[in-house]
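Look for subunit A in each of the two complexes below; its partner is subunit B in the first and subunit C in the second.
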Partner chain A sequence: MTEPVTAPPRRRRPRGGTLTRYTTAFRTPKGIAAAILLLGLVAVALLAPVLAPGGYDEQTRSALASPSGSHWLGTDEFGRDILVRTIYGLRTDLSLILTAVPVSLVIGTLLGLSGYVSAWFGSLMQRVLDIILGFPGLILGIMIVLIVGAGWTALFTAIVIAGLPGFGRLARGGLLTEQQREYVLAARVLGVKKSTVMIRHILPNVVDPLLVQASIFMVVAIFIEASLSIVGLGIRPPEPSLGAMLNVGARYISELPSYVLGPGLVLLLLALAFTLLSDALNQAATRR
Partner chain B sequence: MTRYLLRRTPSILLVLFATSVIAFLLPRLVPGDPAAVVAGPDAPPETIAAIRTQLGLDKPLITQYFDWIGGLFTGDLGQSLQFRRPVAELIGARVGSTVQLALLAGLFLVIFGIGLGILAGSARSRWARTLVEGTNTGFLAAPPFLVGLLLILVFGVIVRLLPTSGEISVLDNPNFGFQYLLLPALALALPMSAGVARLVQTSMLAVRQEDFVDLAVAKGVPPLRISIRHVLRNSLGPAVVALGIRFGDLLAGAVVIEAIFARNGLGQLAVAGAQGNDYPVMQVLIVGAVFVAVIAQLLTEISLSALDPRVRLG
Partner chain C sequence: MTLHNEQADPAVSERADTSVLLDVRRLRTQFDTADGVVRAVNDVTFAVRPGQILGIVGESGSGKSVTARSILRMVRPPGRITGGEVHYRGRDLLTLSDKEMRELRGREIAMVFQDPQSALNPVMKVGDQIAEALIVHGVDKKKARERARELLGQVGIPDVDRRLDDYPHQFSGGMRQRVVIAVALASSPSLLIADEPTTALDVTIQAQILRLLGRLRDELGIAVIMITHDMGVVAEMCDEVVVMYGGRVMERAPVEVIFQHPQLPYTADLLAAMPRIDEHSTGRRLPSIPGAPPDPARLPTGCPFHPRCRLRESICEREVPALVPRSEPVHLAACHVTQRGVEIPPLIPPAATADVRGGGESRQLLEITDLRVDVAADRRGLFRRHQPVYAVDGVSLAVSSGETLGLVGESGCGKSTLARTIVGINRPAAGTIRVGEHVVGSAAGAGAKVLRETVQYVFQDPYASLNPRRTIRQSLEEALAVRGVAPADRGAEAVTLLERVGLHERHLDRYPYAFSGGQRQRVGIARALAARPKLLVLDEPVSALDVSIQAQIINLLESLRDEFHLGYLFIAHDLSVVRHLSDRVVVMYLGSFVEMGDAEAVYHTPQHPYTAALLASSPIPDTAERTRERIVLGGDLPSPRNPPSGCRFRTRCPIGPLAHPDRTICIEEPPALAPTSTGQLAACHFAGELARVGAVT
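What follows is the complex of A and B.
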């Protein structure tokens, strides 16, 4: 993140400036804890090929070995190191949520704001979002698996679609309060195009709650991946994901508890990091 | 009430209609020929043709839709491709298991959610509140499947108190059936009750600031009566809404919980159906799940107006 002073002048905002506002989020205890946890987890995931050059499929001679000095979490049913697979699983999970959630954020926001440019399209999109909201979480995921087939793509699609109602409704709510404000009317009187007003004038003023929601939805996205993978409709073996490891690990829970505890703990830390981040962002956004 | 129901009917029907269309189109959205997908890679053409007739893929789309919907209304839910048995029979054999799980989990959800919320919303001593808030935050972060795995580890592996796998119907043997049901229901209810508790807590703290509470104190109403009659009753609104919305989550959570605890319920049927591309089964389950979620939401709004006369259903 760049210094606020070096930010280009045309992006500066009247009250405080966006960047300063978000950097204050990382000066609170919650924000610091979230940043440390997240950076740590991302670093471990990025360094996976360095930490474990053999990859997630490297086998040893002993299957289902107990935790020891050489294998901190023991080995799985094929003699593969569980810690190594957990780290590669974390990589899969991060690659999924860090791409799917932003995509969902952008599409959902545009759908929500679209009512400004075309009123009937905006209302229609709200009805569509209502219908998506009517589906209980996992049922939506299972339906997408039926269409796309189990795997990364299905999980990605499921997360993107599941997030749309949340982002779309928040953006729509912001739009409805902002579109009658003087600065919007002034911009229209000056002859600025509606689509430009939507992106350049309205969007920056409704972006705060959307970013908080994105952070909250990261946690939901992690749980969507884990739930679908646990029932065997997510990431396909041999590729590891945190949920897929819990799926197999649950079968060996009495012989090797670390098979479940390791990935479970990483999953909790990941969820905790994003929960803290959303709290910190929320505080920074409401305290103007 | 009648007027309210009449006013809500169109939007409910719209959601159900949209769901039925999506569920109906499901086999047709799959890339390629669904009949070939269902039949498997090495199926002879006659088998594929037979499956195509069975799925009704050889008739016009509109006719297919009305045939299918008509079947749903008359109880003919179709034939499972995977199990080669009527869908109604498959669902009938499993619905009891899921209903038992959902009922007990729902009961736990109400007891723990509202109970914890009252405790946190009225505790005078600071540590009691911190304790409740601490447990709440812990459960808020933990999803049902992790709580379930943890419960299995503690009560099934370390202490060996309760069975963690399989099931016996409560109706056949109340004692053993309940033992098999206890852990899954707890795993399902505990994480969700944290969210409900937090809502009860915040709204109780807000209601306590209202003038009518001051009036009650001034009148000399005993504190317990104030908590129950004046504060709690006015704080339950958001909790009821949350319970109604979470009923859909409860159903979705049941899918995962059934898998972890090896219960043979509707969730397991859905998973098997999705793995085996069993479209007739999945179509009925999807419409059924959305139907139940919509009805739960409707009941929520009705009970909300019973709690708070200011909420008019008109």
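What follows is the complex of A and C.
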């Protein structure tokens, strides 16, 4: 009777290691498009000093010049090249969201998982997140700017805080379901250390929706930057950001449509890249 | 394979008579998936007569549910019906338009699904749901409601006028299944297809539903197609049986013939491999079928059963056997070997590894005294008064090494809560748990380490208890690391463990998804053994497995117990499995024990009416047992939130105040577990009164 039971292993999509699962996300058409788009934008942003060695505030004689061979998108009200400023603006935005969103992800996840250490602390943190969630995004941003003062740091803080409820709640939901899973109970019955249970059994199973949420929130973060900059509370001139350029460019929309077109298009591409990325990740994470 | 399909099937030409209600011929359904074509239903032929109950039995993946859905043309893409005919009263359903088919569904052929939970719309009153089934077929509202009332009464729901306006969540599982049946009956269909209608229900509730289905057939003359995996249900209910395996009909015969002279090795072995509730088999191994049911995506060539068949010959690997008549023309079987008149030799059980049972001194491993568990403890709120819900309410038991204590009870009786409290997942509200010399405190303290070195837990669901992201090696080595095995030795130790539970070294680096249910349960057992426990708490370890796999796991558990002199607390709702494995048995009802004693005494002379009813409700896979006397309990398990006063069983007791109004003692005074004349303990004021009726020999 102890003879081996050899049902042939069912061929399904690998469900194993987290890393291999995410590499499959980049084999789908959506994933490939997202990767190309994102890598292209990051490369352009990184190469900004090479592409435009003069920096973002190099001025020319003619202000608000129409697009031409030397200035593809024309020049702004101070005679600065709009394309160059757009590239530097992209650099600002990427530096902002690629740091702020991961920080928000980590802090939010920790807050969400805090209930594992102490149940009442976990509930308390959820209430704190509820309060944050209760503020409309823009009002929250304005309050932070008033406290921190306008600039990169204020935008960074605003994005981090705005992201916390999303990450925190997802992590908490994951924790609550995972804690009741039989393999988690099995590990507890075996006497596996609490921290090991968290890292080995709970976290890997919670991380999927969090990563998807992170890529969705990247898009939101771009718009937080843009909306705060549009009301003049974002990046301070002369430093360019996509949102700040849109803000100023909107005044000249009839004279020089390319002023908003450039940063607008880049913003759109950025949002598209992250949306595609989140879609691809979501598919990789949920197909089981 | 094609060769045989082209030949004239005598089964098809034989039945052209008009008394046939549903005639399924050469039905084929397949699923086009990314992994290839899955032939779920392959050349299925059978017929149903008016008023007949036809059973379709098979294990998971045998194609029985897809067959039912194909008849109603309810196969969803990527599934599609690729061939065959389904004649209903002479009309081929497969050629009807969608509109004609919609009219036929419900009006002529209705379906009852397995899970009454999801078959009803939770936001609609049940009366409206029944009426809806009529209104879509053109009955006016007032009449429909009147009919809904009548139907609810017909399916045995008490207090119909009030319950008509209740929502599904206000009904218990068994009552909900009655409502589902009422919906199906709404426009008086002639054929009812019931897909595992009692699988999600407890034995006492199952007995109620089976009785109801039988009554409907007798009173209304409805034909029923009963899809099930349970040979016991088949033996009790069906007139004719179709045995499916690997998407094919392998045998078809009247129910008595199937049980007495199976002509298919699979059917014969399956019947032999089931432990019997009416048979004393403790200490013997069960005969078992090796291997696991085939994956429908990769069926073997030739006869689908040949890799597991002990009579296989070379022809079985090449050619699909045809379904041909046997000694009696009503008996058809598809087997190359028995076709030549070869008798199926009885399936020999493996010999017990050694007669070590009883050897070795017996030490008490676990002792529980007056344990209470409050399952509402973690829902304690800041602003409301805590209302305790004692899922386990004052139980005491002891388990010694080398012995098996069987714990039986219906779902919701608290048996899993008890088990989980023993291993420290839930916390006791009162009472003590003593493991060896140590008392396990309510606070995780000194006792906890001893506890997990002594007691380990095997979960019911082998799919849920292994982390899908970790290989078997990782899962086993984690358990070994906790025991303190040096990293260098873990690999070798893991291999030893796997081999002990009947798996191979090559399985080590696979993920759980690559295993079948039985194999996963083996891994779960290996993981529990990694801690070198002395006592295993087994929470329904075989109930999620296919029948042909159950015997393998039961045998494994028995040989492990005898080899390592383990003590088992074996929890199950299946009384026959418990009888086979257990030395002593405890029967649990609504949080407390109602009967406890030697397995033979409890099964032979049950003293508590609940035990007697449980025994009488369990279907026995033998048509000769059809005539035995039944005790069908009314009602449902009350909520532990609000248990009845006095004896907790009195609201359903066939000898309590319901039947004898003068027995007020049952309402006033809870009975204690007290010794009875037959030697076991029973908690009943009138112990022994029902014993004779419920006893199985």
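The rule we apply is simple: the second predicted complex is superposed on the first by the 261 of 288 C-alpha atoms of A that agree within 3 Å, B and C clash if a C-alpha of one lies under 4 Å from a C-alpha of the other, contacts with A are read in each partner's own complex, and residues count from 1 in each chain.
Throughout what follows, a contact is a pair of C-beta atoms (placed from the backbone, for glycine too) under 8 Å apart; a residue touches a chain by one contact, two chains touch by 3 or more.
The shown structure was predicted, so the numbers you read here are calculated from the model rather than taken from an experiment.
*Asks:* Looking at the overlay, does A:Leu272 come into contact with subunit B only (first), subunit C only (second), both, or neither?
*Replies:* The first partner, subunit B, only.
*Asks:* After the superposition on A, what does A:Gly137 contact: first (subunit B), second (subunit C), both or neither?
*Replies:* first
*Asks:* Could you say whether A:His201 touches subunit B, subunit C, both of them, or neither, answering first, second, both or neither?
*Replies:* Only subunit C is touched by A:His201; subunit B is not.
*Asks:* So in the superposed three-chain picture, is A:Pro102 touching just subunit B, just subunit C, both, or none of them (first/second/both/neither)?
*Replies:* Touch partners of A:Pro102: none, neither subunit B nor subunit C.
*Asks:* Check the residue A:Ile230 against both partner chains and state whether it touches subunit B (first), subunit C (second), both, or neither.
*Replies:* A:Ile230 sits against subunit B, while subunit C stays out of touch.
*Asks:* Considering only touches as defined above, state whether A:Pro257 meets subunit B (first), subunit C (second), both or neither.
*Replies:* Once the two structures are laid over each other on A, A:Pro257 reaches subunit B alone.
*Asks:* For A:Val189, decide between first (touching subunit B), second (touching subunit C), both and neither.
*Replies:* After superposition on chain A, A:Val189 lies in contact with subunit C alone.
*Asks:* Would you please give the residues of subunit A that touch subunit B in one complex and also touch subunit C in the other complex?
*Replies:* none
*Asks:* In the complex of these two chains, what residues of subunit B are touching subunit A?
*Replies:* Its residues touching subunit A are 14-15, 18-19, 22, 26, 29-30, 140-143, 145-146, 149-150, 152-153, 156-157, 248-249, 251-253, 255-256, 259-260, 267, 270-271, 274-275, 277, 279, 282, 285-286, 289-290, 293-294.
*Asks:* Which part of subunit A faces subunit C closely enough to touch in the complex?
*Replies:* Counting only subunit A, the residues touching subunit C are 1-12, 14-18, 181-183, 185-192, 196, 200-201, 204-205, 288.
*Asks:* Quick check: in the complex, which residue numbers of subunit A touch subunit B?
*Replies:* Contact set of subunit A toward subunit B: 127, 130-131, 134-139, 142-143, 145-147, 150, 219, 223, 226-227, 230-233, 246, 250, 253-254, 257, 260-261, 264, 267-268, 271-272, 275.
*Asks:* Please output the residues of subunit C touching subunit A within their complex, sorted ascending.
*Replies:* It comes out as residues 35, 285, 288, 290-292, 294-295, 297-298, 350, 420, 423-425, 448-449, 452, 456-457, 459, 461, 464-471, 478-479, 482, 502-504, 510-511, 513-516, 518-519, 522, 524, 527, 530-531, 549, 552, 555-556.
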